Structures are given as structure tokens and as C-alpha cells.
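Data block below; observations after.
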């Protein structure tokens, strides 16, 4: 049975300094509220894993939470670059950032292997590219039947995976729909998992396209309304495309970014504490 | 070499469309009706959606976010917009997109962008500079591109042309085009035909059937061969059968602009 | 675009003597009408592939259509043995039947590899069992990252896969729901595919739990109402448990079985021809 | 060896239940509330459904046909009945059952039947006879059992006991129990604990903690040790702490019979 907890407690108990942490959500249902909570709790030395480290990881990287990033595409979708990510890679600011770089197909299969309890996955990938030269977690394997050589990538098994979903019931069964990305795999691959949801309800009405994670496959659930903003939660709110553009102006400059952390992330935490809001987010 | 068309700009009159619009429309025209097209965001998505609204209503759009057969009524501003899922024939998880649909060669056309593109159509979206560990510019990285470039039956690249982006050799091979020339893809065991078409804001390049080197085969209206040469970082060859792109029709332009406005 | 054809034409054009043929459907949506049509058309030397060769394959084997069976569980679920299957294995009647035997996990992964365009799949399986000694398509492979040894099985890529689904639209998009087994994988792994459906409709109304196969991933669709009977089609009709018991009495005896082929399978074909029913089945 | 209970039949009175009913109820009792149980059809399914309706309402039933958390109101007559999907928390494809849910060790109890079972709990459901190519009896085969037996945290076997089915060594190892004894599972790299409980129509056997040999630890009411010995094809050891199964309660019997009647 998954515990129903506050976002503060969920992150506090499940995310530890030095952990390998995956926040997943492919454009849709990105766990932004949880990302800000990690910044507020001052986590350090995280190895962050994510196929598309968009602005949620730009924020964590800029705030100095990460020592390493495992990823396949790091940009601000539809806008341009991730300036905090670039600054960390190019100038080690605020701390050096080691990177481990894959393709989407490789990352997706690494999660699949992790969710499947296998040590590695096989794919037709990377052949002829410069990625294997720089990424030690790409090797080659020979088919025992045909002799063909294929790429192999090791399983991803994060210490903790965090995703956002539309709903959970009071037992902690989680329901999401729309684009579901690699969230199921990320949760099943992880040692612990935290699912933030738009709302906890008495009963999960079936929805076309739903993916349901049973309560016994999830460690904790925290209510976090609008917890995917500025990304979106299908059936709840739309993607805030303006915020992605706005982020470009915040992330571009170190001081502006620091101001954002102070004024929007830390202040969000104080506001929450002051009002005793158990969800921990607006 | 006797180009089939005038190699200087056709006319001094100011066209009523931008070179980006010409590029999108040229790219849209390249998409045949009924084809399955793996669509990257930005220029490829714009072109694919124009095609679907003009000559190719049966074009099947596949987005790596997990949609098969999306029919968005506005231009998605990301590859994972809700409209892509809501209008799709099927919504699937990301691992399935790559493993069941892309990898086995079910997709006709992979539609990619590039930060750097070289003479043999190899694509770099990883780093600018010689040192991967200490890059001049850190780019977003691979995303789905390496396997799209490997597995789609053919690849169309849409990219703005400049001497900075069209280089002799890319700093980093993120996605293989034709490697170091004809035969390299076969030797590597890459199943698709690789880039068969590179559509820019100046014209269209195609791989030479003998060498796989990208050759200028088509000029957009108002563009001279020398303009393209100046925007190419290698000694550009021009096809004997150089053609001239037809200017955008009023219908094409209006479709493109309506789409773009609706997505503001 | 999938062709909409009659069952007779679909089987006639897509299933050829000597083919590797998979009929899939895990308890639910078993393509029985297509199986009977294969018997009527007198196909020979087929390599039949199916995780659970229950009575649909007992029928094809008894009718002499198969020279080989690739499978993981051959029984009459809830009833007992498959007598025609046993007779073929134990007494080579009516023709010898070669077998290639796996576990469910192995078969499922063989289809997954086939659907994924990979030559093989990796699983934690078979270890310590006597299966690898008798099944050449089980080998071992070493993880290039951990050194661990795991089982490897080759991809299944049938010449033709046949499944039954609830509905298709006129373009040939296929929709099924309820237990969906390995049908998607079987279709995607195959060179050609035939989907029989309860009905062809103008528009596929979304259904919770649906799996949709786009028309361009399917070769042909044939309407075959009640085409899964005696198995079931969720939303259309229930499993005919009595028929499974009844089958025990038919399959047990060679002559009774021959009578069944003559009276129920061949007669069904004549009735169809006589009435010109384009669906080809009742 | 001083058995803790009388080793002869307790009473000559005819019980008001069958030995099959005792077996199903003993098996049901072994399932703790809240556990995740991978259920085979037949005896295991009956027992699991009785458990869910008596002491273990939170038992999570997983069927290989693709259902997580099925709550059938009648006994399914196959592992793929519609009622299993309609009442499940989640319905998934068959590859996912095995790869995402069984293989990584998420299931507490694998509940299996057997055609032959040996002294170390190895299971045969493939062939009877020494020659695989020319068997005396061809059985259904492996199904999900080899990987259920390998990967579940523990395995319960429910099987009618006879000297024919309880053999010194199975003709074919379809699913590994404890191999040739203690330590074999670890040596093979099998993650689960293997068969920890064998529930028959006569009693219950458990592996000896030292040797992993199956030992009689519990007798059903009215059954004598000699009855079990006579129904065992190896020299059966009896536990020093042999216990006697409590007779089915009226509530258990009524639940079992109601379930069975409803599924006729």
C-alpha cells in the first residue's frame, strides 16, 4: 500500500543526498512541484536521470543539486537552450556537472531493462555515431543465433523515481492518461518511488488510454495540484508555453536565476509552511 | 556542367514570402500522401502539418512522444502537446515508439533538423568544438535522431543554410548520414537509405548517387548558386540538372500562415 | 491501408503451404473462424506458432495442416488434454509433428523481439530446467556490463499472423480491448497479417483499455462475427465453457474428430458458399 | 522422532467435506492478506479466491493472461476469463506480465500445480517417460511455470498426492524447485526461495531447512502418516513437529462451495 504523504515529507523521506534520482514525464506530466521541493530541501550530489532534461533539470542543475546528469536531450522544447545546463557543462557553475549521454532509444531501453529486472537491454542503435566513444555505458553484443552485433546499454535503476500523474485513490493506486512516456518504467525500475498527483480521489473512474500503477508498486503518493506546471496535465490544464519562453530569460543569467530560486522557490516553501498547506505546493 | 536553370537570382522583385516559408513549403511538398513520417519538432513539424493540409491528407504523423497518426488542428509547440495525443489513432509509451515502430523500419520518412550538417549528410546536435569534454557550445544532444537516421527508410533534413552550419566535417557525429561516403551505411549495417533530401532556406541538396556527397539540385526562387556556395562550408557541387523551386502558391502560404497563427 | 476482404480470400491470399503461421489470442479473442478456414482450404506443412495451442490448434493439427508446432502450453484450459496434439506427438497421427517448446516468458519475448526488429531477446528464464537440452532455440548470453549469464531466445517472425479483434473501421484500423495478450506483437512481428473482427464500423468509438493497430500495420481485415467462438470477445459474447468440455469428446477419438471436420468445418464452408455470405462464417 | 500429533487417523467419522475441499481450504489459509499472488488456473485459483473472501480480502491476484489485482465474483474457468479483466486494477499485455511484474521479483507467492513433483520440489508438466522425443504421456508443457518458480519470492504447490505423482525424481524438470538439494537455487542464480509449501489432499509438506528435501509437516484431519507414505514415491520423512490441519470451518466450506457453484 502506497503511503499518502505531503510533498515535503515525500521528498524529505525518499530523496537523499548522493542519490540517483529520475524525474520523468515526456513533455506531459513533468513533476515540477517535486523538482522545486528538492531545491528547497537543498539536496546535493544527485545523479539526475531524465530523457529530456528540460527546464525542470535546468532548475535543479542551476541550484547546485546535481553532480551528474544521465540524459538524451537537454533543451528547452520549442524555445532553445538550457542555459543553466550549458553553464554547468561549459563553466562548471555552480558545481561541475558530469554527463552521461545517450539517445532516446537507449535511455528508454535502459529504463525498460531496469523495470524488467534485467542488467542490460539490446537495441539497434548508436552504430556509426560518436556517442560510444564518449559514453562508457554503450557496448556491443553479439546475437547468439545470427552472429549480428547490436548495441547494449545497462539497466537504469534509480534510487528513487518521481513522476506526476492525474489522480490516485486513497489506497495509492495511481492513474495517468494522455502521453505516458516512460513513467511506468521509471517507477518500476526504481528502488523507491514518489508520485505527485493532481488530486487524491475516492474512486478512479476508468479513462480511455489510462495507465494504472497498483498501490503496491508505488512507495508514496503526494497531492500536488498543478504540480506539473509549466508542463501540463491532460484533463486538468494546458501547457504554459509562455512560461517556457519566460524561462529563457530567467535561466540565461546567473543572478536572475538566483533571484528566481529565492523569490519563487524558497518563497513558495515559506508560504506553504505559513499556511500549513499539507500539499506543500500552491 | 550546364545547369538547367539560370544560376543567378531570377528577379529583383521582393517576394511576398520569407525564405523560411519557402523552406517549410518545399519540405512539405517533399512528403508524399500516405507516407508514415517521424516528425521532429520545429521546422519538420511545421512542414509535415502543411503537407497534411494541402496535398497529403493521408500523411501519417508519428511523434516520439508516443503518438501514431496525430492530426493536430494547430501547430504543436512541443513534440508532446496534448493535441497530438487527443487526435492520434493510437497513443503508446515512449519505449514502444522506438522499439516496435521505429526500429523495425516501419517508418517511411524521418524528418530531422540539425545544428551542423556535413558534406555527407552527417548530423551534429551534440557539441560545437573539437573537445567533447570542453565544448565551445553544448547543444541539446541526440534525442531520437541517431535511431531515426538509422532506421527510417529515408531521411529528410530541414535546416537553415550557412557556412557555419554546413561544414566539411561535423564536430561530432550524432546521427549518421552517409558516413564518409557511398557504401558506408551498408558497411555499418544501417537499414535505411539515410538522408535523401536536404531542404534549406536557399534550395535543396541531394546525395550524389555515385559518391553520396550532398549536391545542390534545386534553387529556391530568387536565390543564386553563388548565394548557396557562400552559405556552404565545403566546395559545393551543383547538379547538372539543377531545377528551380516553384514559388509558394497562395494556398500553401495561407495554410502555413494559418497554422502558425493558430499556434501563437 | 489494410484491405477489407472476406475471410475466404484473406486466408486464401495470405496463408500459404509451408508457412510459419501464428494464430494468437490469450484465452480471449482466439481466431477460431480463421482456423477453420485454414482447414477448409487444406493448407499443409504449416509451422504453427502459438503460446497456448488450445483447441484451435488441436483442430489444425488433427486436420493434418501442421508439420511443426512452436508453443509454450498445449492443453484444453480448464478441461484437460489436447487429444489431437497428443496423438500427433505420441503416434504421428495424421502426420508427424515436430515440436519446439518454450515457456510463456520465452515465447512472449520471442514475439517482442520479432516486433522490435531485433534478432533475439534476453530474459531470466529456463535456468536449471530441462528445456534448453531439448530446445535448440534457447541459448545463453553474457551481460557485457555485469558478466551475468542470461537466457537468449531468437525472434519469432511468422510469415503470417492472424488475430481476432472486436472492431475495425473501413480504413482497416483495428481496435481490441480486454485481455490483449501478445496480439499486437504477433502482428508486428509478421511479414503479413490478417485480422478477423466482430464488425467493421464507420468509426471506432474509444474504449477503456483499447489497443489500436493502425491500418498501415495490418495487411488485411475480414469480418467474422462470432469468429472467436468458443473463446470470447469482450463486449460481444462470453466464453462458451461448455464447448471446451464438448471438445474433449470430439478430440478424444480420431473418427469422431474426422466427423467433426466433415460435418462442422467443411459444411460451414459449403453453407457459406451457398448463401454467398461474404463474411464466410456464421 | 516424536510427532506432535497422533499419526493415525483421528476418527472414523465421515467428515462433511472432501479431501479436495480440505486441500483448497488449506491452500487458501496459507495466503496472507495483502500478498501479491501469481495464480495458475484450477486448484490455485480456487484457493486464492477462497482466501480473498475469507481472511485475506487484500490479497492481490495476478493472472498471466494480463491482469493485476483481479477481484472475480465467480471462479474463473480459465486464466483468461473476461471477469478477470473487468475486475482488475490494471489490464496489461502478456509480455509485460512476465517482464515488468514477474521477472523482477515483485510477486510474493507463485501458486502452481504439478503433474509430477519430486523429493526436492521440482515440477514436471512436460512429459511422462524417459524419452522426451517419444513420451509415454505428453503433458501441456511449461506455460508460465518455469519463470514463476524462479522469480516469485516463494512458491506454493497445490497438488493431489499419489505415489505416481510424488516421485523420487521427475522425468523432466519443467520448473525448478530445490534442484538436487539445498544451495542449488543460489548456485543457479534463481532469486526466489522456491517451493516453501506443498499442499496436497492429504497434508502439507515443507522443505527441510538443512537439506531442502520435502518433509511432511502437517496432516489433514482423518489422514494417517502411513496414508501419506503410501502416496509418496520416495521414503518420506516426517517432521518432529508434525501438526494436524484444523478441519474446514463452516464459513470456509460455504465460501468454497458458493464459489464453485457460481462458476458451474
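Each chain gets a letter, A, B, C and D, in the order it is written, and its residues are counted from 1.
The rule we apply is simple: a contact is a pair of C-beta atoms (placed from the backbone, for glycine too) under 8 Å apart; a residue touches a chain by one contact, two chains touch by 3 or more.
The shown structure was predicted, so the numbers you read here are calculated from the model rather than taken from an experiment.
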item	value
Smallest number of contact steps required from chain B to reach chain C	1
Most distant chain from chain B, judged by the mean position of its C-alpha atoms	D
Rounded Å distance between chain C and chain D, as computed from the means of their C-alpha atoms	30
Whole-Å gap between the CA centroids of chain A and chain D	41
Residue list for chain B, restricted to those that touch at least two other chains	99, 103, 151
Junction residues of chain C - those touching two or more other chains	112, 117-118, 123-124, 148, 184-185, 209, 211
Pairwise chain contacts, counting only pairs that touch as defined	A-B, A-C, A-D, B-C, C-D
Residue ranges of chain B in contact with chain C within the complex	34, 36, 60, 68-69, 89-90, 99-100, 103-106, 151
Chain C residues within the chain B interface of the complex	1, 112, 115-118, 173, 184-185, 188, 211-214, 216-217
Complex contacts: residues of chain C adjacent to chain A	117-124, 137, 139-141, 143-146, 148, 150, 152, 154, 206-210
List of chain C residues in touch with chain D within their complex	26-28, 51-52, 71-75, 77-78, 81-82, 85-86, 89-90, 101-105, 108-109, 111-112, 123-131, 134, 148-149, 178-182, 184-185, 209, 211, 232, 234, 238-239, 241, 244
Complex contact set, residues of chain B against chain A	41-42, 64-67, 77-82, 84-86, 91, 93-95, 97-99, 102-103, 126, 132, 134-135, 137-147, 150-151, 172-176, 179, 184-185, 188-191
